[in-house]
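Both complexes shown next keep chain A, but they swap its partner, so chain B is in the first and chain C is in the second.
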Partner chain A sequence: MAQVNTVKPAQAAAPRPAARRHLSDRRIVQLFIFPTIILLILMNIFPLIYSLFLSFNEYSVISADAPRWIGIENYADILSDAQFWHNFGVTGTYALISVALQTVVGFGLAMLLRTKFTGSGVVTTLILVPMMLSPIVVATFWKLILNPSYGIFNYVFGFLTLLVPTIIGVIVVALLWGTLPKLLGEQRANIGRIALLILIPVVAHLVWRFVLSQEGTYGDFFTRVTYRETAPEWLGEPALAMWAIIIVDVWMWSPFVMLLCLAGLSAIPEYLYEAAAIDRAGGWFQFRRITLPQVMPLLLIAVLFRTIEAFKQFDLVMGLTGGGPGDVTETVSVQLYQLAFQGQFDTGKSSALAYIVLVVIIAVSNLYIRALNRAREG
Partner chain B sequence: MATTYSPSSPVNYSTRVDKVGRGQRISVTIRAIIAVLIAVLMLVPVIWMGMTAFKSRPEAVAAPPIVFFNPTLEGFISLLTERRQLSAAEQAVMQARTDLDYPNQIALLRGQTIIGTSAFPRQLLNSLIIAGASTFFSVGFGVLAAYAFSRFDIPGKDDLLFFILSQRMLPAVVVTIPIFLMYKEVGLYDTHFGMILLYTSFNLSFSVWLLKGFIDEIPKEYEEAALVDGYTRLQAFRKIVLPQAITGIAATTVFSLIFSWNEYAFALMLTSDVARTAPPSIPLVLGTGGIEWAAIAAGSLAFLIPVVIITFVLRKHLLRGVTFGAIRKG
Partner chain C sequence: MLKKLLLVTLLLVMVTGVSVSAQDGAITELNIWWAEWDPANYLQQIGNDYEAATGIKVNVVQTPWGSYFDRVATEWAAQGSAFDMVVGDSQWLGQAVTEGHYVDMTSFLNDNGITETVTPATLQYYGEYPADSGSYYAYPTEGDANGWAYRRDLFEDADNMAAFEAAYGRPLAVPTTWDELRDVAEFFTRPDEGLYGIGVYTQIDYDGITMGFQNPFFAYGGNWYDEDYNTLGVVNSEGAVGALEMYRDLYSFAPPGTNNAFFAEMNDVFTNGQAAMIMNYFAFFPALANPNINPYAADTGYFSMPSGPDGERYAALGGQGISINNYVDDARKQASMDFIQWFATEEVQLRWAQLGGYTCNIAVLESPEFLEVAPYNAAFAETMTFVKDFSNIPEFGQLLEVAQRYLHAYVVGGEGTAQDALDNMAAEMDGILVEAGYVTE
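The block that comes next holds the complex of A and B.
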């Protein structure tokens, strides 16, 4: 918004204060904030108080009985229930692994897209598309993609697994590219580069071949992953279901971490790197002492936000597995939904569970909003 | 950040000059290629869904998956219509007819005839109505509150803002249980008005924060000049602040639209038929006999395309949007 709005002179606009009822500033503030506050009290505060009350009662919305006060029995029930601790563990594991992977992948993507190239804006936006999509729709079409007989995930997965050495090789080459002259001297740098380009992928490939050949033959691997009888059934196998959800979550939300990291990276003043280069600081040193600390505040915001969202995770799990197979992917949110809206409609107990979740979320969001406020001021 | 060692050999290269050197150019090219590959890889699921939407039923579930296929609108037709299986005799009669329209011809290929529209168009319309109305109110109230928070000293302002944002952090399922009871009691369950009310309050905290960031950026001096010129506070707000904040209002509007458009948990638990929106229905699109992936993909595609377009339109504001206006530029 660079354009300057010129204020029209009084006679042109001809405002007639006398003709209008003159509102005092205080009155305006009240009028302006009023709708927001009322709505939030009506739709958030009142329901929360109501459910706090219900959490101390035995009550079901589908029965005719009035709520019956039972004290802390609901809470005691939940906290002594092994199912709750199992689900809590599932939620925690999921949040931890998922957020950690998103942080690594998102940060890596940001480092990759940091230097501008032709079309980098479009590429960045394309990578950001998944996070804007509806989680439930995402879950639905990932279900098709993860299907062991007609999904494409196993093919892409098998192919990428075979490509791992090449990918690692390319990354190593890219990382060493700039530092080579310092290591080998300017003259021998090009020979070093060519050697790297050939050597690293070949060595990595041979090692990989050895690793994959430990169970069956190397050539078999792709077939094993894609052949219908042996293909991993991501959503149906207890050992894989959680990973499937994590993969989809990482696919969807790494771009979010990337977006915040990119903002942090672009705000780092160039002179810090110049000063470091003058002091002959190496690439790793620059990364550890300049890049990382400078990006940290925004990375922290991203991680906290993702942690909150991961604890709330409902849509993806419902869409992908519905908590199954068995209860291996049953997060607390899914348990809450089942308790409140399925079977017995145990409203009292589910309110108590909701309050337990609430306490956890509030604790994390507190940290989050504080970090946000610091970023706002900084 | 001072390094403790002193250079043992003279510095025979310069960091800044190498930014234009050949090595640097190649490194940028490699990065660009990797980035493009990753972007393509990340979009494979979306592209695959788009392709599935145009596949015929057997092609959609072919094993191994088919990449090259004959595009057909069968998926969209199964999504939008209710069909009935025809008996062999009826099929013969239908095949003899030449006046069939395109959807009926497609249905006939599967031995079916169209008997009406499905619930999906209505659900999409519900999504549109609910998202549109709730966005209108949340941005409307939001701009008022944001202006007040931005320009005036309000006692306990920080606490209030904190409180407003914390509403956004609550898990949907937690809020839904009491709202479900409340709505049952007052008859708002499964109504458009109930959903609009809920989404409005849900988006309000977001829009207040985002808009406050935008309004904070408009210099106070403009309004002060206007007040000196004899405008009332309200006139200054309407004629000075609103036009200046139009970009912010537009961005907030679009974000709110996307949020309500994508919302699943509330819609799943608080609607059943009349006001049901598209997100809870898409996974449940069922054809005659089993899951019809082409139809589901067609529904997803119809649902996602607006969001993809909007993402591109909004790309300058995405960062602000996802951080509640706290972080302004990258």
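The block that comes next holds the complex of A and C.
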């Protein structure tokens, strides 16, 4: 008892550092990594491998029956199904147009915001707001914006269709303004100017109307949204529904492209432009030979991310059109959702479809990465 | 050591969910799963009454509609006993029965005379599987079907009445046939005034447009398949084509923007004054009778489905029946049956109706108390005698996806003809039924 009482606290704690000495640096590293690896295996690796296994089985997650091995039957069924190819075409068309427009708009915005001006920080932040919103929230309020009865979109669009020819007319008037005295003489010039002010917008308007009413893909599209008897139903008409989704997607994700492009633009050394200016290089030459190549790696990364996302597009489509009208906007992801849930619960076939989509995304990504590497090297 | 023992015991109790009361065999609680909506709250009140009468607590566990089926199906797959009873959709019946998730209630319902207390159509569609087998797996609980709401002030306006009579040669009245309904919809379609004749279901996401189309489809003699599961010549019969053309006609008189519309959008276009008539499930009509929600509540009338060319009337079925989980022990199954037997009595069914539940009990449906308690109850009671459902075989999800796609493409997208849409639909449905073994090639 006396012996116990005589032991000092420091001595009692002595074995602890000794025990700790057994933990080598390598063991500590392993201890830190171990939980992450376990989580990765449980949350990523196992589902990935198990879903690959299920893709070769007939299986429904809500059924008590065990998976039944059927080989590549699920893959064969999907690849021989016309509906899959239709949906794949829809997804490809959507991804191509949407990503192309996002690239143009995003890059354009980045060029505009490249030069700092008063309030440019606020403007940049405001432009970034759409990509910070949840896609389903975006889809819900765009549904209201596009509503033909009370949505603001048709109003603004209709206004623009009148505004465009008027602007063209005013530009023509401005260009002719100074040359009129030479053409008509000083005394008649003012009469000519008044006539131009009245006539040219009217003529421009009529020409615009004629152009828009032409038959053909684009003529038909513009006719539908401009000179027509009823307001366009953006989400209910087969010719417009895909464009509606693209418009919303471009609005939402162009800021993302802009952000990456801005980062690329700000990294271009100023001396390159100074050297080009000394060599009397023009603006277009500088853009083509300096700006574009320097931004290209980041631009390609933006395009890669957006393409992958576009191939997986689900929430905007479900929120806006539900894949309709009919199956006009039904992307592969929407088909996958219907197959995996929505009363069907065909887990085996939906796993196979998910793997097909994965392979396509990997293939497309590979192409981009090669292009990216070339851009970096070149 | 004692602390560790206590902790382990506590964990074991939590993990296994074993309660002392369950171990000794006395049932003190019953769990019912249902979707999250008002009728589930009414059922909880009924459960509270049951607890007051018997001492057995009833918990109505609610899950949002969007994930309700997923949750129930997951429990089925695990053969779990988290619920004793489930109020399930009629469409689940085939799958639940063929996979053994529901208790066969045939003897229980027959021996206690419960089958005689509910309308035959509700017993057939909420409880019977396979069709015409006389085997029952659910008690019709929340009866529901499509009906119509209309603006009485517009119908009774003297100018409207005179104009309609001049245009159509008959008085303006609640339509009794689909042709009359079309005429009334056309008459009230006045885009310049922001008024449209009708609101119809067009939702593509799940089953909306199919449910809406079924109303004229059945009335015009169409069906999803015959008694031998043949779809060819049945889904695309002459009557079915006429019904689809009628439905598209009706959509042309609908407010713009209702291209993916279901029950919520129907009530919206009605309460904001855009539509003179709307189709909807009766379960959503209480909102229209509420002046705080619907400014036209005092002028809103209700009517049941009109008849087809041969006088046939059908209303697409909604609603659910209550079933017993096959994976709970016998004592809990018996306790669940005791609850259903009590719930099925006329007295409790009347209380259920007074709370706001839609009873399927014949005596209550015919009682003055029920008919007068809400302005839409008379139309509901009438409708419950001619309801008809979509397929409830396990492959219903695949059939539904095909129906949704072709109906929406034709009605909303305006693609092709009604005949083409139904021909293609019949062919694809036939393929599904052949593959499932219902039909031999």
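By our rule, the second predicted complex is superposed on the first by the 270 of 378 C-alpha atoms of A that agree within 3 Å, B and C clash if a C-alpha of one lies under 4 Å from a C-alpha of the other, contacts with A are read in each partner's own complex, and residues count from 1 in each chain.
The rule is short, and it goes like this: a residue touches a chain if its C-beta (ideal position, glycine included) is under 8 Å from a C-beta of that chain, and two chains touch if they have at least 3 such contacts.
As the structure is a computational prediction, the values presented were derived from the model and not from experiment.
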Quiz item: For A:E233, is the partner it touches chain B (first), chain C (second), both, or none of the two (neither)?
Solution: second
Quiz item: Counting only touches as set out at the top, which of chain B and chain C does A:G151 meet: first, second, both, neither?
Solution: both
Exercise. Give the label of whichever partner, chain B or chain C, reaches more residues of chain A.
Key: B
Quiz item: Taking the superposition as given, does A:G71 touch the first partner, chain B, the second, chain C, both, or neither?
Solution: neither
Practice problem: Determine, under the contact definition given at the top, whether A:F341 touches first (chain B), second (chain C), both, or neither. | Solution: both
Exercise. State whether A:S51 touches chain B only (first), chain C only (second), both chains, or neither.
Key: first
Quiz item: When the two structures are overlaid on chain A, which partner does A:V61 contact: first (chain B), second (chain C), both, or neither?
Solution: both
Quiz prompt | Touching both chain B and chain C, residues of chain A | solution = 61, 149-151, 318, 341
Quiz item: Where on chain B does chain A make contact in their complex?
Solution: 1-3, 5, 7, 11-13, 15-16, 18, 23-24, 26-32, 34-36, 38-39, 41-46, 48-49, 52, 60-65, 141-142, 144-145, 147-149, 152, 154, 160, 162-167, 169-182, 184, 197-198, 200-202, 204-205, 208, 217-218, 222, 225-226, 229-235, 239-240, 243-244, 247, 258, 261-265, 268-269, 279-280, 282-283, 293, 296-297, 300, 303-304, 307-308, 310-312, 315, 318-319, 322-324, 326-327, 329-330
Quiz item: Residues of chain A touching chain C in their complex?
Solution: 61-65, 147-151, 230-231, 233, 235-238, 318, 321-328, 330, 338, 341-345
Practice problem: Name, in rising order, each residue of chain C that touches chain A in their complex. | Solution: 69-70, 73-74, 76-77, 79, 91, 95, 99-100, 191, 194, 203-206, 255-257, 259-260, 274, 396-398, 400-401, 405-406, 408-410, 412-415
